[in-house]
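Letters A, B, C and D mark the chains as written, and numbering starts fresh at 1 in each.
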Amino acid sequence: MIEQNNNNFEPRIIAFVCNWCTYAGADLAGTSRIKYASNVDIVRFPCTGRIDFMLLLKAFAKGADGIIVSGCHPNDCHYTSGNFHARRRWMVFRDMLNFLGIDVERIRWSWVSAAEGAKWADVVNKTVHKIREMGPYTEYKKAAMFLEKEKISYE
Amino acid sequence: MPYIMVIDKVIVEAPGVKTLRLRFQNEEEGKSFEFKAGNFAEYSAFGEGECTFCIASAPTRKGYVECTFRKAGRVTFGLDRLEEGMTMGFRAPLGNHFPLEDWKGKNLVFVAGGIALPPMRAVIDNVLDRRDEFGNITIVYGAKTVNDLVYKEELNEWNERPDVNLFQTVDPGGETPEWKGKIGFTPNVLAEVAPDSNNAVAIVCGPPIMIKFTFPVLTNLGFKDENIYTTLENRMKCGIGKCGRCNVGPYFVCKDGPVFCKTQLDQLPPEF
Amino acid sequence: MSKISEKAAALLQEGAIKMIIGYEQGTEHPRPIFCHTPEDCKKLIFNDQCKNNLAVYLTKKEIVDNDKIGVIGNFYVVKTVIQLFLENQIHLDHFLIMTVDEAGDIITFGNIDEMKQYVASHEPPANPTVLAAIEKIDKMSREERWAYWKTELSKCIRCYACRAACPLCYCNRCITDVNCPQWLEPWSAPLSNIEWQINRIMHMSGRCVGCGECAAACPLELPIGLLTKKMGMDIKDSFGEWKDGNVLSTYKVGDKENFIH
Amino acid sequence: MEKLIIKLQDINTWLDQIIEKVPRVIAPIKYGQKAEFALIKNATDVHYDSQTTISSVKSAAFPSTETLFAYAKNGPDTKLYNVAEENFVNTVIWRARPCDAIAFKPMTKIFNSDYQDELYNKRYEKITLVTFACNKADEFCFCTSTGGGPGSIENSDAMVTVIDKEKALVEVFTEKGQQLIDLAKELFEKADESIDKDAVLAKIPQKFTKEQIHDHIQNAFKSSIWKAQSERCLGCGACAYVCPVCTCFDIQEDSHGNQGRRIRCWDSCGFQLYTQHTSGYNPRPNQAARWRQRILHKFLYMPDRLNIYGCTGCGRCSRACPVDMNIVEHLTSIANSIHE
């Protein structure tokens, strides 16, 4: 991996989105030809309720600098209550991460409906901008590289 | 450090069951590699881990080794994804082997269930390749359903050989309309077949429950404990008697086994 | 013989109860004891040093079969029993739940409501050192907090004593033991240790009764009790008092958060 | 064997010399109310007040997580790479206890029975053990019952015994030990033959002999004692992980796309999944069976197979146990029990 300095640092953002609202919203942003930052990799889920908190941690461990989590607005969930459950979980999880000193500012939570293509573009742009200012998230990656301290002889 | 093996051929035996034919990437290693029927090996799917099965091919058939496995856990799913031409890891030979030399001139009875035919096949093929050294050969092989029988081609081959008595069976309910073999659980079929125990050795291999019910049948047929052999399949990781999980009494299955005769088993604590 | 021993011995003699789980004096601290005969009951004690959460045994298949078991536990045992009951993990007819009051007399609970009443009125005060430690961490900067937890949890040897001692960690197969997919690396390494604790806490959230046995069990004395306590405090702030068990399996349309835009 | 005297005030000077010359010095440091082995950079870091550490020092030769080899996949091909030699550095273990030193003997035997474990051997060869004899003991100590003792010199390279408030006796047993003395020769003087080491050692009553345990458990496989003793066992791995002799391990894979490592990490016979087959069948289905395995392995299988016992009497497992499974108590009751 190439060490990038902050000036031309291009953050890597992983977005975990729900299939019914935000994914469709992102689609709309595309079909409406709204330009937005290309740093984001979208992972589609059936529902925000399915987004396991471990996925976020895995994303950080494998090199994400920022994360977007997005789904249907409250009361709009395709499965009625998936996003309500998710919201509770995120409330607990976010407090926990903060207490452990994991940078919650790098995780952007949002509600984006299928009609809000422009909002999606805005969320991505803002997140990319913010993460670019914050710089790469190395702490977590470094902790993940623990085994690397044992050297291997590559003849 | 495992050997690196190239997969020459992938054979689908039954739903979820595959045989991989492997050759050594480094031919020098292949030439010096020797094993005996009953030895097992640690196979690695890199990225997933390592898994233990017997070497399914006979030591008399040189140039390759084969392994047969059923998709069950993480590693076997990893192995399942491998294709011809890809590489995998192989640590062998591990453990002990069947005392074939002691069996010369004796009649052999093989009893196998389901996916346990592969370890047996190494012996059967080995014996068939040295056919004149042994007496009668009886094979009783059972599986849950017709579909679950492995080595279908070889079973046909054995069936056609005049010098092998093969009895195939499937559990009740597992038969198809075309099924010509027997129907019933392996121990019952064994009792029905009732091979002669005179000057004979029985080799049993299968799930713990099958072994449990097969031993009494063999004893009833007059087989002596020291003439009944089986392979134990404890959970293993290292294969070299260190990691501790296959420990049964004073033995490590991976070092002192996997082949045990019933006399030994009776002395062991029941932890297998 | 103490009042507890007498009562326990009498229960066993009557025959309706086959075994009593309680506390006996151990090497340094009281420890759990399983009384099968009235003779065993002589060893029973109860004091404020009796910390083990005996409810951990109530979900073990090797211990609980069809015989009725008596439990003489502390406040948290009673609280855990309610939680286990709410999660449908135990049949109350299999157990006779008891605790001991200040005078050394046994209190027997006839039904779940009596337990709930007892729990509502007898909550022991929070441990001030734990609260102080949490406050101290809260005051740190984020980087300091990360450094603190990374250093502390790097020492973890992954013996899973925290999991084993927790009466609510009753899963047949823990997430750490699952390898398809491998959510957590099973070996000890700083990040996987942290992730293991996050998993433990998240799975406990809203269910934890706050007995602190996870921290007490840790052979390395890691401050993991702070995590459960802090999580309990956060949940209380966000969703109110511990009432019917699991806050994460339910929701309110009006839940208020300030970070989803 | 050479007997020397060092002034107590000079011990830190000596240790600082060692720290300067040896890349890795491991010693107990203060850890809450207890002590724990850690890498030290200063002689003053060492914590001498506690009896033993929480964890044993086995991780110096058998780390809780270590790489066996690395691999890299390239298309269908796979290449394997060894662990680099630079990972194995000279190590001094300072202020080990006799029970720590002795523990490397069964470990070495396990790792060298038949197949020689290169990684362990490479680490172990580089270790120099400086043991401090015990002047005190606590109620968990039972080294005298397992064949050791508070002043046991077995397997140590050098042993320090504090004689009084001013001086300590230093016994040197091996070449490796001598090399450490040579780092600060001027601090030592020849010891007087009259020094009575035994007089200052802790008195640890012998509760049983290891042979007694061996003979008692030989035919006790079906005994009810296992269930009775293990009833309160929670099934965690604390006892095995702090044990200086337990070497059971697991092999895991750390994969990152096309490359990764094969890892060896500690495992414990106390875990339910330790022996469970993929099919769900478990040869040791309950905690009683797992507790029995722990005791039988240490006191029956190992002596029968390797001619060495798997317990040094350090008592760490009892100190670490959340439910006070006191091994001395349990072993004593085994030794006093009668089995048919």
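The criterion applied here is as follows: a residue touches a chain if its C-beta (ideal position, glycine included) is under 8 Å from a C-beta of that chain, and two chains touch if they have at least 3 such contacts.
Just so we're clear, the structure is a prediction, and the values are computed from it rather than from any experiment.
Undergrad: Please state whether A-C or B-C has more C-beta contact pairs across its interface.
TA: A-C
Undergrad: Distance from the CA centroid of chain A to that of chain C, rounded to the nearest Å?
TA: Here chain A and chain C have centroids separated by 34 Å.
Undergrad: Starting from the mean Cα coordinates of chain B and chain C, work out the distance between those two points in Å.
TA: Each chain reduced to its C-alpha mean, chain B and chain C end up 47 Å apart.
Undergrad: What whole-number Å value describes the gap between the mean CA coordinates of chain A and chain D?
TA: Roughly 45 Å, centre to centre.
Undergrad: If I count partner chains per residue in chain B, which residues reach a count of at least 2?
TA: Touching at least two other chains: 49, 73.
Undergrad: Multi-chain contacts in chain C: which residues touch at least two other chains?
TA: 189
Undergrad: Which residue numbers or ranges of chain D touch two or more of the other chains?
TA: Expected reply: 65, 69, 82, 250, 252, 254, 263.
Undergrad: State which pairs of chains touch, listing all of them.
TA: So, checking each combination of chains, I get A-C, A-D, B-C, B-D, C-D as the touching pairs.
Undergrad: What residues of chain D sit close enough to touch chain A in their complex?
TA: Per the touch definition, chain D meets chain A at residues 65-67, 69-70, 81-87, 254, 256, 261, 263.
Undergrad: Mind pulling up the chain B residues that touch chain D in the complex?
TA: It comes out as residues 1-2, 4, 6, 25, 44, 46-50, 72-73, 76, 83, 85-89, 207-208, 233-235, 237-238, 240-245, 247-250, 255, 269, 271-272.
Undergrad: For a test of understanding, state which residues of chain D touch chain C in their complex under the given definition.
TA: 31-34, 36, 54-55, 64-65, 139-140, 231-232, 234-238, 240-242, 250, 252, 254, 263, 265-266, 268, 271, 273, 286-288, 318-320, 322-324, 326, 329
Undergrad: Where on chain C is chain D touching in the complex?
TA: Where chain C meets chain D, its residues are 26-29, 31-34, 52, 56-57, 62-63, 155, 157-161, 163-165, 173, 177, 185-189, 213, 216-217, 219-221.
Undergrad: Under the touch definition given earlier, write down the residues of chain A that touch chain D in their complex.
TA: Interface residues on the chain A side: 62, 146-147, 150-155.
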